[in-house]
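In the two complexes that follow, subunit A is the common piece, with subunit B as its partner first and subunit C second.
Right, the complex of A and B next:
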């Protein structure tokens, strides 16, 4: 048991190994810092965290060190005394900031970081607004091509070296370096070796100032216009916690959200830069049908897909599926995509099994690309040292969740290959997909032909494809950014998604469509549905409570 | 909170005398005022033949200022659209084609119908790129026509900068060289 004294307040830190920044944070005392990051090694180079430190001797006497020391580098031990609000400590902070601003261009109005810039924030809180610098500032040239997705505004860099340490310690590929010395030092890469590793985008989040910028987001929005929704990345089965930054129903940026239970501090570039399909205009905007549904405003040739309204399509789909189930339950089937949330899978399974107990449920295609990639890894792709980040080969977020729903409704877990084998016997199929376009066409021509023969084929997908052309009904699917619900990752961690944008004016989230089909009233309420699931399926019992920020382990 | 009875002061309507009720003296008084004004200097302005002389800080139609090279001065910082209480400034930023700055407005649209002419955009601008001029007689035949885009706003600058009526201001309260006639490249 260790007691640290922060600004006269004793803090019991137990047996935790903390530095003074972390110990002070325990009682809400904020020590500003730039170079220190909990996931990176300590270099104590920015000197922003200077505090007065001393020691309380066993006899009660307090001996202070004569100079200020960096809090990030000072371990919190029993009897450590730390003072952050004295004249000396405050002056040290102000002096550090003045030094950092010596060569800083202060072009906040055109800087993309403005609004979430730590240099702005700390200058405002701890520094002063005027500069005594009279000499011309260093203006090293910008490096817009330092990475495929990353641009470096060299003059804004405060040389905290977080980005350099990230490429060395987390990614492992060590592209970024500090070149030159003193006030002329700058961040650079070797010629022809841009920072393009699969985790490169994280250096933009790590950069406390506007030096490293995300080219996909650059100049798109000022950050104070953005609204945030906490969600889960749908890119792979790691299920990284993310924040979706959006404005006016457009997703502008994906950022990692720290989650010690899921992935830690970072996300991979595949997940970070995959969002444009959410905003794509090529997605289905409204349902389509190939039958002349009642009250359809246009005279429609039977057999040709045309836009239709929800009011027409939902009852028709329900009626046709019910009729098919009456003729033979085993000839009706549904495919539950691993892109569905647990709630959605549950509702669809309930609907299909409600038509007939003999109806079959299949697990949708589980996309797998390559092998799990572990970081840090060297240039040849060999893992080095303890694993700090894993990009999984399974490129869908919720196989575990959908599997468990399927296991509850049906003894045997049927995979997608089984569906293809049985497709000839089917009368009706409700096929959910919703895979991001990055994964490419997911059905071969052969498979499409097999499925296209099913008389009543209902496809719920994001964008037109050969299989949707062959469908009798097409229902627009929603992406992760439009869903409320939860995903279960590879390690059975259930995490909550919150919708960020609306699926178009005519769109509906998948869960809402299933509610319509089930003839349940109202809008989808993920938490109420989770209560229901927790009651019915023992595996999901933990969903009854609050999932919190970090999610809960199931099973 | 109810008003205390002690705080209420009751006022009686004045009782009208015979003269008041005849109305004749009041009519004569009114005629007197009219006749007096016939001999006084005229204040009515014959708009539109005669243009009003507006104060220098009048807040009319916006303009987007040009720098001394004739380029748009705006750096697309969005400060104006952030400050705008009517949310009527729409900007699309892009990397600038010029080496001396990073960002410029690819699109800059002000909905002049939605604008309340408060002038906050002018105050917010860190580089004196947007200013309100003394042009007040905006007309248009459609709503679209009143969405002033970058070209239109720059042309307002071309019309107003050289005439000395709407000086281009800078932070120190000094006039910028662009406000001198025939310097702004017009």
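Right, the complex of A and C next:
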């Protein structure tokens, strides 16, 4: 048990190994910092976190060190005394900030970081808004192409070296360097070697100021207009916790959300930058049917499919599936995509099995690309040291969750290959997909032909494809950004998604569609559904409780 | 001490051959033979410790004590990093030793490695020292050819590899942990301490860093004993229990506005005045001195009136300087503008700051910009206060930086403002402009 004294308040930190920034945070005392980051090595160079430090002797006397000390570098030990609010500590902070502003352009009005910039925040809280330097500022050249997705506003850099350490210690590929010396130090890359590693985008989040910018986000939104939803990346089975920044039903940015149970502090670029399809105008905006299902079709699209209304399509689909099941339950099947949430998979399984106990459920296509990629890795792709981040080969978020739902409803777990083998015998198929377009065409022409022969083919997907063209009914699917629910990652961690944007004007989320089909009333309520699932399926028992920020382990 | 016989410069002054045969003929490598034959490593450490030898690289840390900081019974490897970066302005004694008597240094290196059980020594030599590099390499080759380096030296249990490593021209790579980073192939950014190099240094192994001149002294201490060493120099101040004394001789470099710039070896404690008058041939052009840089520019400035200060480990501190430093004295005459002196100093540090600590990176740049403006006739009275505040607030002493470069950058500025304020104010008030042209390599 160790007791640290922060500004006269004793803090029991137990046996935790903390630095003084972390120890002070325990009682809500904030020590400003730039270069320190819990996932990176300690360099104690920015000198933003200067405090007074001393030691309480067994006899109660306190001996203070004469000099100020960086809190990030100082371990919190029993008897450590840390003072953050003295004249001396405050002066040291203000001086560091004055130094940082000397050569800083202070172009906040045109800077993407404004509003979430630690230089703005700390200057406001701990420093001054002006500097006493009347001499010209240094004006190093900007480097707009330092990375495919990353731009460097060199003059805004405060030389915290977080970005450099990230590329060395986490990514491993070490593209970023400091060049030149003293106040002419700059971040740079070697010619022809931009920072394009699969984790590169994280340097933008790590940058405490507006020096490193995300080109996809640059000048799109002022950050104070953004709303945030906490969610889970759908890119691979790692299931990184993310924050979706959005405004007016448009997703503008995806950022990692720290989760020690899932991925840690970071996300990969595939997950970070693969959101434009959410905002795409090419997605299905409303249901479609090959025949007019009620009154007159709303509009006619190229080919045989007509735009239709939800009011027509839902009852028709329900009726036609019910009839098919009456003809022979085993000739009705559904494919549950691993892009569905647990709640959605549960509802669809319930609906199909409700039509007939003989109806078959199949696990949808599980996309796999290459091998799991572990970081840090050197320039040749060899792993270096302990693994700090993994991009998984399985490019879907919820195979584990959907599998467990399937196992509950049907003893035998049937894969997508089995569906293809049995397709010839089917009368009706409810096919869910929802794969992000980056994965490309997922059915071969041959497979499409096989499935197209099924008389009652219902396709629930994001955008037109050969298989949707062959469908009798098309139901718009929703993306992760439009869903409430949970995904279960490779390690059986169930995490919550909160919807950020609404699916296209007439769109309904997949779960909502299944509620309609089940003739259940009301809007989808993920937490109520989880209670139900937890009661019915032992594997999901832990879903009864609150999933919290970091999710819960299942099984 | 009129009858002082140079020790380190003895063979150099006599223009003796720098090569192995001549060195051995003059009794060279007898200290190593003695140590390997009759002494345990611990005994060598004890001799050096008892001699009171303090580091000649600038910080003046007791050499033998530093060696005892290595972890006991470490399985190895342990490294010795020999600091031959000698980049403190006005300092050139390491160069003379390496160019003209490399074996004296190498014998000290071998002794230090034997004492500390280091198996590899890296000599980090500044890039500009081409001749020193070549002569050191030739001397090392001679040693390998004669079983004085390599496996089982002189048939004993002791093996040692020595490598020369050329720097790339950065002052900061003379700072011991900057040196280690640079040696490892990284950018010369000093490390935070702890861990200290003795525990985790080069390649994360225990490492001793010593200056060339320090190691040259070791050769003679092992040869002649601690008591002999203590007959030279100044004993500790009995009133100051923490004073380790200033024993031994020192290579003083004299440069600047003197008639005969030179490097002389004298017992520690000689005054600036004696150096200038007796060894530097007096101030040039019949002028008077205005002041001097007493031990490399990091140590601050002395006025002419302070020239009677003894240059031992305690003297310069008594007149507000940072310390003895490298004991490289640079005189500037009465016609020199203190503004030009200060600008040039600030320019050096702004150029050489490694740039990782905010206070040093920004502070050195700011001071340089102020001085540049001042010498162009645009100075303001408040600039002196800003300079003083910045100078006092950067460095490891106030706690705002990682290494001592920032202390060294601030010291001459704060000394100048304290000691030459009237001149600076007059310069500003008169709107004077400099007549000296200095390259504007900011």
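One rule holds in what follows: the second predicted complex is superposed on the first by the 548 of 555 C-alpha atoms of A that agree within 3 Å, B and C clash if a C-alpha of one lies under 4 Å from a C-alpha of the other, contacts with A are read in each partner's own complex, and residues count from 1 in each chain.
Keep in mind that, in the parts below, contacts are C-beta pairs under 8 Å (C-beta built on N, C-alpha and C of every residue); 3 or more make two chains touch, one makes a residue touch a chain.
From a predicted model like this one, the values you see are computed outputs, not experimental measurements.
By the touch criterion stated above, A:224 is placed in contact with subunit B alone, subunit C being left untouched. When the two structures are aligned on the shared chain, A:92 is found in touch with subunit C, with no touch to subunit B.
In the superposed pair of complexes, A:159 makes contact with subunit C only, with no contact to subunit B. Of the two partner chains, neither subunit B nor subunit C is touched by A:437. Contacts of A:415 after superposition: neither subunit B nor subunit C is touched.
In the superposed pair of complexes, A:383 makes contact with neither subunit B nor subunit C.
Look at A:73: by the touch rule set out above, it reaches subunit C but stays clear of subunit B.
One of subunit B and subunit C touches more residues of subunit A, and that partner is C. Under the contact criterion defined above, no residue of subunit A touches both subunit B in one complex and subunit C in the other.
Note for the complex: subunit A touches subunit C at residues 42-48, 50, 65, 67-69, 73, 92, 95-96, 99-100, 102-103, 132-136, 138, 158-159, 161, 177-178, 180-185.
Those residues of subunit C that touch subunit A in the shared complex are 170, 172, 187, 189, 192, 350-359, 361-366, 369-370, 372-373, 386, 393, 396-402, 442.
Across the interface of their complex, subunit B is touched by residues 107, 109-110, 142, 153, 218-220, 222, 224-225 of subunit A.
Those residues of subunit B that touch subunit A in the shared complex are 75-79, 82, 93-95, 101-103, 126-127.
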